[in-house]
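Chains: A, B, C and D, in written order; residue numbering restarts at 1 for each.
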Amino acid sequence: MSFRFIPGRTYRMPVVFGPGLGPRQGDEGRKFTSPDSHKTITRSVSFLTNRAQLEELLPEEFAVRGEPVTTVFASYMTEIEWLAGRGYNVLGVTIPVTFTGKVDRAVGSFLAVLWENLTDPILTGREELGFAKIYCDLPEPRIHRGVTHCTASWMGFKFMDMTLFDLTPAPAAAPSAAQEDGLLHYKYMPRTGAWGEADAAYVTLTPAATLQRVEKEAWRGQGSVQFHRATWEDLPTQYTIVNAFHQLEIKEYRGATVVHSVGAKDLSDQRILR
Amino acid sequence: MSFRFIPGRTYRMPVVFGPGLGPRQGDEGRKFTSPDSHKTITRSVSFLTNRAQLEELLPEEFAVRGEPVTTVFASYMTEIEWLAGRGYNVLGVTIPVTFTGKVDRAVGSFLAVLWENLTDPILTGREELGFAKIYCDLPEPRIHRGVTHCTASWMGFKFMDMTLFDLTPAPAAAPSAAQEDGLLHYKYMPRTGAWGEADAAYVTLTPAATLQRVEKEAWRGQGSVQFHRATWEDLPTQYTIVNAFHQLEIKEYRGATVVHSVGAKDLSDQRILR
Amino acid sequence: MSFRFIPGRTYRMPVVFGPGLGPRQGDEGRKFTSPDSHKTITRSVSFLTNRAQLEELLPEEFAVRGEPVTTVFASYMTEIEWLAGRGYNVLGVTIPVTFTGKVDRAVGSFLAVLWENLTDPILTGREELGFAKIYCDLPEPRIHRGVTHCTASWMGFKFMDMTLFDLTPAPAAAPSAAQEDGLLHYKYMPRTGAWGEADAAYVTLTPAATLQRVEKEAWRGQGSVQFHRATWEDLPTQYTIVNAFHQLEIKEYRGATVVHSVGAKDLSDQRILR
Amino acid sequence: MSFRFIPGRTYRMPVVFGPGLGPRQGDEGRKFTSPDSHKTITRSVSFLTNRAQLEELLPEEFAVRGEPVTTVFASYMTEIEWLAGRGYNVLGVTIPVTFTGKVDRAVGSFLAVLWENLTDPILTGREELGFAKIYCDLPEPRIHRGVTHCTASWMGFKFMDMTLFDLTPAPAAAPSAAQEDGLLHYKYMPRTGAWGEADAAYVTLTPAATLQRVEKEAWRGQGSVQFHRATWEDLPTQYTIVNAFHQLEIKEYRGATVVHSVGAKDLSDQRILR
């Protein structure tokens, strides 16, 4: 007898071996709810940039919200429950936006791209959530004489350096989530054979309201970030992305943060905006 | 001004940096046509198995064709043009099938799963073509005293061993592609928030007719393959896949092949079957 | 003019580029003295074993001290000053011993082997200190549902699993170093061409008295450890080592510890015992 | 009963588990003699440089022989018998020299440094043979549009780029080994605790006469090589080495070669020169 889908379960290629396993669906369909999962260290640097350049990176129906301040963040995660206690790292770039759809409106941050150093969450994130995840190597940062140095590379080409320094302990941030609806994404899946057409093309939202992350310690300080110009030979699948950030004007740095936190929601409340 | 799609170009997340770069679309939209691309060594082992077990791994509208013989193949590729001369490796499992759709009919092989050790082709393959690609580590094989030993692992858990031996030079295979329509796939993309529903769910075909692979040398001999039982802790995203192959009965080995080839088409003729 | 040695500086191959760089000698010959270096998490499991088996692993002039209790420890280090803020991991096995040389006597632990996942400290450690360091992969442990799982592998062959569980906070250990002279090693360097002869063969001591490690947090609990039987094909340079531990009788586990510490001395007080 | 050395066998730390396993001594002490071992692709680029700069890289008793032409070579090896069929890669720099010792004289090439991407042969090579081996990452070269591009890096810092192009098939080289005595090395092992003193400091020779390498195919053409300036932070254990090559004047390139070969001797004829 052929393979059949089990109703109510989420699938991902290859489908014929049963429901897709990932952050929102474990062995035997169980949910991951441990509050001890996801020990995370997030390091971020923000800078004031050129509004017109940011707008070029936003889909229609999006507009830059307030000052054109971009944030580059790198998160280093361990003890992740859905990976049976393993970890992985991510590097993302966000832009403050308002979204004005035909039906929905939202204020939040647009996740322009999210590099991750593990393929499995890249697949679940792209396909189930619409996160613009792609792969790169994200080694542990170097920390030396009060300076933290994060890097990112792809097959030996280092395309980003980020440094954080003059860090001093900061009180836990007031949950800024309160004023924002969440993180915004543009999901897109091409249609096979009909090149240029899409199987899916819509905006998705990661609601801020239900975050389960508990901040343990935090620091504020200075930082800088550089994306390095790449040729097609250097990054044949990503040079356009890296060069867009390389060209982004840095008018003024707006500080750096380091946050140690525990916990993460499974993002099963991710939803389409219209 | 916001980002806008360029008509006629293929996109992949993140879309806002321009057309997706990959095997079918390079820098400035160029095609990759070098006949020297893709130096490939493919090693495969086939075995007669249980028909009922294979049928459980086939979507509706598919049936096992002829004897229930499964093939496990590992390809090690270098000098790939669309990666600017880099390489990567893959491990796949195929089942001989007939497809009888509402409109189309095809005979060929169903690609149940394809592991690859590089994320970039996994993303293009899943989203543009419908290949059931997932990640694993595929180190160079060990070759010693006439025995070739291939392995596959995920984050330190070795889930497959394949050995080939008693290999003797074989005349170039008559292009069996002639009798087959090609490689068959089941493409599936979940719909965000509507868990259990799909943005896309259809069968795709890689036509055999236009293959540009030139066989340089070939050997035939004996081989064996073992998939190792995994727990959820071992392979939290893939244990169901590996265990399905672990449980697949091996009634009789049907030989091994090694083929050295050059060339590959860009698969832009991939199409949906109905 | 030819290369010449600078008197008073320590050298390591290749010598012709100047003094050897490492933990005891940095750029321009400077010493590394930062108390913030070496953030370390050490996880260890001890067990009572067979005295005769341990004795076979001890050089002449060594004897098992007290109960034949072996300890396997894995340390995960970050923010190391001499590596400009990078880190690496180690896995060691110690045996409690007395050393009775022609001149010197010492009580301490014999470091039978120390695997490390970075070559540079392996070279400095072997050649300058006499530590029996060799290479293996030491991924970050999995931590899930209160169980910590450490592994070690070499080119894809996992040769050790160690688990720690039922961990409860423990008061900082009384510095046991007080009663011990330190860590003992057998340094050996073969003589080129005179196979079977040695350029160096002597016992060395890492004095306990001058340790600069500050314990920050500690836990005690239960644990287990398994070394997996290896063939020559699995571990062609290390199977004899791993199999010796595989065969070591485990009569009774004697508990596990986890210690978070900061600081490390540069081991420049390492010395030869006679 | 304590561990005892077996007479006539070669040892390496850790000694207490029995004779050292490596290229010259396998399981049960057997020798590796397969003529099919060591499938090797060697790519090299030579250039005329400054004589005075080269002399600074030579130990006493060495002098530059003939024109000051340095060769940088990268070898990619598979199917190595003593590694049970695995492979590894190396990157070396040689200088043509004459050696005039108190007793011995030799003409050949001085191996200033040899990077390797596997620790096990680094240890056997340094300690048994006196090769100046150190670690770096040596990924498979990129080969694209007739250009081969080799790179070397250490923990994410790429310190060398080498390109080869305009390659045309070349007749097998007349065995130049005939006129040379072999490859020369300066072995040095520091003495523990007596910082600045040595356990061993002598010149060793790899005799050319007994090479068992069979050349299968060869190409000649053009090439270039660049070592990139490094800070202590970039390469805390190797910046002095890389910077010496970075500063080496390139007066004129003297061509590139690619050689495919099979076979290697076990170097058990390595000997001390006086």
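Annotations for the structure displayed:
Note that contacts are C-beta pairs under 8 Å (C-beta built on N, C-alpha and C of every residue); 3 or more make two chains touch, one makes a residue touch a chain.
Bear in mind the structure is a predicted one, so any value in this text is a computation, not a measurement.
With contact taken as defined at the outset, subunit A and subunit D are each touched by B, C.
Averaging C-alpha coordinates per chain and comparing to subunit D, the farthest chain turns out to be A. Comparing contact pairs by residue number, the interface of A-D is reproduced by B-C among C-D, B-C or B-D, since over half of the pairs coincide. Chain centres here are Cα means. That of subunit B falls 44 Å from that of subunit C. Distance between subunit A and subunit B, defined via averaged C-alpha coordinates, is recorded as 29 Å. Centre-to-centre, using mean CA coordinates, subunit A is 39 Å away from subunit C. Those residues of subunit C in touch with two or more other chains are numbered 84-86, 142, 144, 155, 233.
Those residues of subunit B lying in contact with subunit D across their complex are 34, 78-79, 81, 84-87, 140-145, 147, 149.
Taken in their complex, subunit D has these residues touching subunit C: 1-4, 7-18, 20-22, 24, 26-27, 52, 55-60, 62, 82-86, 112-113, 119-120, 122-123, 126-135, 155, 186-196, 198-200, 202, 204, 232-234, 236-241, 244, 268, 270-272. Residues 137, 139, 142, 144, 151, 153, 155-158, 233 of subunit C are the ones touching subunit B in the complex.
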